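The chains carry the letters A, B, C and D, assigned in the order they are written, with residues numbered from 1 in each.
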Amino acid sequence: MTEADPVRLYRTVRLIRRFEERAVELVHGGQIVGGIHPYLGQEGIAAGVCAALGADDVLAGTHRGHGHVLARGADPNRMLAELCGRTTGLNAGRGGSMHAADLSIGVLGANAIVGASGAIITGAVWARRRQGHDTVGVSFFGDGAVNEGMLLEAFNLAALWRVPVLFVCENNGYATTMPVAGAVAGSIAGRAAAFDIPAVEVDGQDPEAVRVAASAAVGRMRAGGGPELIEARTYRFDAHHTFEHAVRLDYRAPDEVTRGRARDPVRIQGERLCDTDRAAVDAEVEATLDAAVRFALASPEPDPADALTYLYASGLTARAGGG
Amino acid sequence: MPRLSYRRALTRALADELARDDAVFLLGEDVQVGASMVTTGLAKRFGAERVRDTPLSEQAFTSFATGAALAGLRPVIEFQIPSLLFLVFEQIVNHAHKFPLMTGGQCSVPVTYLVPGSGSRTGWAGQHSDHPYSLFAHVGVVTVVPATPADAYGLLVTAIRHDDPVVVFAPAGAMDVRDDIDDLVPVPLGRGRIHRFGDDVTVVAIGHLVHDALAVAEELADQVSVEVFDPRTLYPFDIDGLSESVARTGRLVVFDDGNRSCGMAAEIITSVVERVRLLAPPRRVTRPDGAVLPFAPALDRAVQPGRDQLTTAIHLTMKDSS
Amino acid sequence: MTEADPVRLYRTVRLIRRFEERAVELVHGGQIVGGIHPYLGQEGIAAGVCAALGADDVLAGTHRGHGHVLARGADPNRMLAELCGRTTGLNAGRGGSMHAADLSIGVLGANAIVGASGAIITGAVWARRRQGHDTVGVSFFGDGAVNEGMLLEAFNLAALWRVPVLFVCENNGYATTMPVAGAVAGSIAGRAAAFDIPAVEVDGQDPEAVRVAASAAVGRMRAGGGPELIEARTYRFDAHHTFEHAVRLDYRAPDEVTRGRARDPVRIQGERLCDTDRAAVDAEVEATLDAAVRFALASPEPDPADALTYLYASGLTARAGGG
Amino acid sequence: MPRLSYRRALTRALADELARDDAVFLLGEDVQVGASMVTTGLAKRFGAERVRDTPLSEQAFTSFATGAALAGLRPVIEFQIPSLLFLVFEQIVNHAHKFPLMTGGQCSVPVTYLVPGSGSRTGWAGQHSDHPYSLFAHVGVVTVVPATPADAYGLLVTAIRHDDPVVVFAPAGAMDVRDDIDDLVPVPLGRGRIHRFGDDVTVVAIGHLVHDALAVAEELADQVSVEVFDPRTLYPFDIDGLSESVARTGRLVVFDDGNRSCGMAAEIITSVVERVRLLAPPRRVTRPDGAVLPFAPALDRAVQPGRDQLTTAIHLTMKDSS
């Protein structure tokens, strides 16, 4: 069971919050191409869950994946450089927002395919344990993912083979524009129960509450337990994807958005710090992100001649497409 | 003569078919609000029963459409990203496509699979930038890739009325093309279109690349007379139309946004050399083998077939035969 | 609620039993090529469920599908001709054992892909109801299928859109050689509960018990209810597939098989008839099957020139493969 | 010189690699009892932990293998039927294949996908008789189709040791081929093999069709001198080896059990005509477009490429150039 550490937890949610706000600016400024799925409003989940993990653990994220990578401790400079498509990026500019990965710290990557990460993380955890590591894994996914057969199959494999994977459902109420009630027959927790996977519901807007629930689950898993599921109730403060900033899609009532934004994980955790501590963290985070933006924008763009470098790990070279 | 965008042409085709035939219905993710900006307004006009938002259960709703088609309806599925076709490959290829033969002719499966924004949308990276039309030509599912608003309208209408499954790729690179359109009419499957006549070389261009091919043809106009052939349908392919063109020009270059190995370019070249003797070896400009589009915009562009590559291929082809 | 009709129910299970025994002989004799997945021992399920259906209803079966087609009332002559690959077969010899279909009586077909039929039948039922029919559907599948994501997705769609589909899980204890306990985390009924689909368990070896459970479910569905699931406990008396007759696969203990075969649905239902009635049905069934075998073997084989007839419903003709 | 069947060669390759490298493990349906008769005895020897029976959850166990590979293991998945590759197409193509590039070289995904009994097993009908190797050549996943026991052993061993995903098709038509094998050695990827030298025409035959091609070559020996080239690996393809052969013979016929459109035959013909001037138009003998194998044995055979068709193609090719 990890210790409560309000300052650290606040630093993480604040870092993600400001990182995302900076990233949105860079999208509007054209320095980040293709847009992003902002994690704004959901910071408490990544922060709380990652605070419960150890060095040997692994996680896989989603298309809305910046928070998971940052909370796990990836270098903000290299993370932002990745979003800007620079050679110094975590993925050398090859992955971008939806594929940011840092295997050196157990981040198998964001994933652009909804529901895909559950089975991958299950295999990775099983393999690391076979190799003698005391690894547990985390698979983050949204409420929309519980309708993907591939994820439900992963629930079955993890439960059957007792692979310690914490399935974290970030229930922000919508899959793009589809409300949970219109997409999920039964309940999210019920999807876990179907495979004898214990499930708890937690307030995703309270980072500390998430941390407590996650470290309890991680503790049980380290003690030999099988997979568990946490449904974190949360709310997406911004658009599904930044393209919505240009095209207004009408699916969330203004007052719903206002109510949703009222429960702010950054404010909630911030109130657990004295003003001076909070101000210190805020300043530190700004400095970190100022540096990250400078680093990213000063970093070189990849050479088109290297477009297919890394295509094959075996070194096989692909035939070019030219005539 | 109204000016119509490719995207709106798709919307018009869907609206006209929904209005014309009560058996037609639309399903997919976020189609009611129209996240793709193709289905905009259709739910309001035709109701939530016929314009259905689905949960993220692509395999189930694809087979749901197969079942509805077996029962006499004409479903149209919108897929938000091209790689979703990988996820439902089993449901399309092993079920929808195979039912008529396996049942000994007891049924038909008239489903249309529409992919608005296929190929690269700059910055959507590895898992969202595929252009897998050749896969469907290989398995024998009718495959269309319209290049212009008129063809987007006409081929989508025809696809919806067709009695077998049809995959319609609407390339991201063509979605904003606008055109003056006199009349919106159905376009027959398997019939190519010559956008520009020429004497020296036939360039077969697929989808959005038709517009790049036309630009290159103009640039080279004073040096080479380039004919631009747009197959429009990849399966079945208009080999007669193309053979006629190549018989005149004697030279062939294929411009294809798919992967190189076993792609449409290979099929087109083989089908031609089986029939026509060429004055120079045929050439293809494609994505590389096993292409995965890297995120960084410059790399993303580098992996897609480009105008410079086409220009080079045309020059080399002329040189080979002189 | 359909009426009990012991004779009719016995006739159905007896017909399937003897049809399968004849089919196995024809496999050994080489008249049926490719082998079959015998339905022997599971006859009570198809018989009981189909006894609960009306003329407008539809069903889809499995790779072990002969029983479903016969119980629904397909012509045994044409069914056997199909297995023998003759032009008079239900599918004109194009489908064979794993694809036998008769759309004229609502049999959308056996299906060689485990877990595939659920979503198809859901779409078919939804479509027929939109067209004004009071149709309910049945999706048969085995215990192995509840681990296929595509089937679980179908559960969600059917429940969400309240499509009246009766999901019938024929739990014969094994998926080929894989025991249920080794494959299913949680329970089969729990898979239904996850989607708020009511589930009942029934003795699949008692045809009348199956009929009662099925017609109760069908009654609720006709009254406007959503999908339901029946888990029918059964036992496969013979091999997974006839290839096992040649290659012994060691996965069921002999005494388990003996115990399993002891609860015989044909015997159980037969005991509900007086000897004269039973003898009459048995004789009638033998006559039917003698005729079916004669019909099938006397029927013409398709002309190789017609190999691709029916490939495209649109009449599109495929390019030949020759040089 | 032990006589070994193709099937046993696969078993030997699995056993040798399981014994050689503790990172290798096998998973699939009914692999412990060995329903495919390929994995027979392996569970007993290597234990249930390394020879794992899976539930019928192909998508999950395919991605489970991807995750295990990311963590440093070398999974081998056995698929019971070829169309299961359709069901996991997303997991192989959009994930396993793309991870190295998308992560900027942070990882490798050494997974082997083994399909024993690909193509037609007479009487298994429409959904169990596909031969979809061209799909993987198109997406750029390493694809091998061994024709002989020695190559089955050597290529499976090499596939397991390879650092990228590899699909191994073991055609049903080759599973019972037996051969005298002096030594079992790894066979390099991308290297073809000439089974029979000839002067007049090069026949490229894939998988089990190699044996049919050799039979046809013998039959025609007194009329035409046929060279039989077996690529063994379809992607990457040994175009240098084949070009050398065709440069000698001047004629090309491809014998391919895949569908015609966008299939390997088209890729092979195109790659050759890009490089070599032929004396006669190239020909291909393939499955038809969009092939679905009908159940009735005579129809099943009729849809597969046959010896008669190859013989005809060879004769026509000779006639065209005389």
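The rule we apply is simple: a contact is a pair of C-beta atoms (placed from the backbone, for glycine too) under 8 Å apart; a residue touches a chain by one contact, two chains touch by 3 or more.
Just so it is clear, the model here is predicted, and its values are computed rather than measured.
A.B. asks: Which chains are in contact with both chain C and chain D?
C.D. replies: A, B
A.B. asks: In terms of CA centroid distance, which chain is the most far removed from chain D?
C.D. replies: A
A.B. asks: Using mean CA coordinates as chain centres, what's the chain B-chain C distance in Å?
C.D. replies: 40
A.B. asks: State, to the nearest whole Å, the distance from the C-alpha centre of chain A to the C-alpha centre of chain B.
C.D. replies: The computed centroid separation for chain A versus chain B comes out at 35 Å.
A.B. asks: How big is the gap, in whole Å, between where the Cα atoms of chain B centre and where those of chain D centre?
C.D. replies: So the centroids are 30 Å from each other.
A.B. asks: Quick check: what residues of chain A touch more than one other chain, meaning two or more?
C.D. replies: 91, 93-95, 99, 113, 147-150, 153, 156, 160, 182-184, 308, 311-312, 318-319
A.B. asks: Which residues belonging to chain D are in contact with no fewer than two other chains?
C.D. replies: Within chain D, the residues that touch at least two other chains are 55, 57, 59-60, 83, 87, 90, 94, 101-102, 125-127, 140, 236, 261, 283-284, 289-292, 294-295.
A.B. asks: Based on the touch definition given at the start, go ahead and assign the chain network to line, ring, star, complete or other.
C.D. replies: It is complete, because no pair of chains fails to touch.
A.B. asks: For a test of understanding, state which residues of chain C touch chain A in their complex under the given definition.
C.D. replies: Within the complex, chain C contacts chain A at residues 147-153, 155-156, 159-160, 182-186, 190-191, 193-197.
A.B. asks: Taking the complex as given, what residues does chain B use to touch chain D?
C.D. replies: Residues 83, 86-87, 89-90, 93-94, 97-98, 101-102, 125-127, 130, 132, 134-135, 137-141, 235-237, 258-259, 261-267, 269-271, 273-275, 277, 281-284, 289-292, 294-295 of chain B touch chain D in their complex.
A.B. asks: Spell out the residues on chain A that touch chain B in their complex, using ranges where they run on.
C.D. replies: Touch list, chain A to chain B: 32-35, 82, 85-86, 91, 93-99, 111-115, 144-145, 147-149, 175-178, 182-184, 247, 249-251, 301-308, 311-312, 318-323.
A.B. asks: Which residues of chain C touch chain B in their complex?
C.D. replies: 58, 89-95, 99, 101-104, 108-109, 113, 116, 118-128, 130-131, 149-150, 153-154, 156-157, 160, 308-316, 318-319
A.B. asks: Which bits of chain B are touching chain C when the two form their complex?
C.D. replies: So the residues of chain B touching chain C come out as 49, 54-55, 57, 59-73, 75, 90-91, 94-95, 99-110, 140, 142, 162-164, 189, 236.
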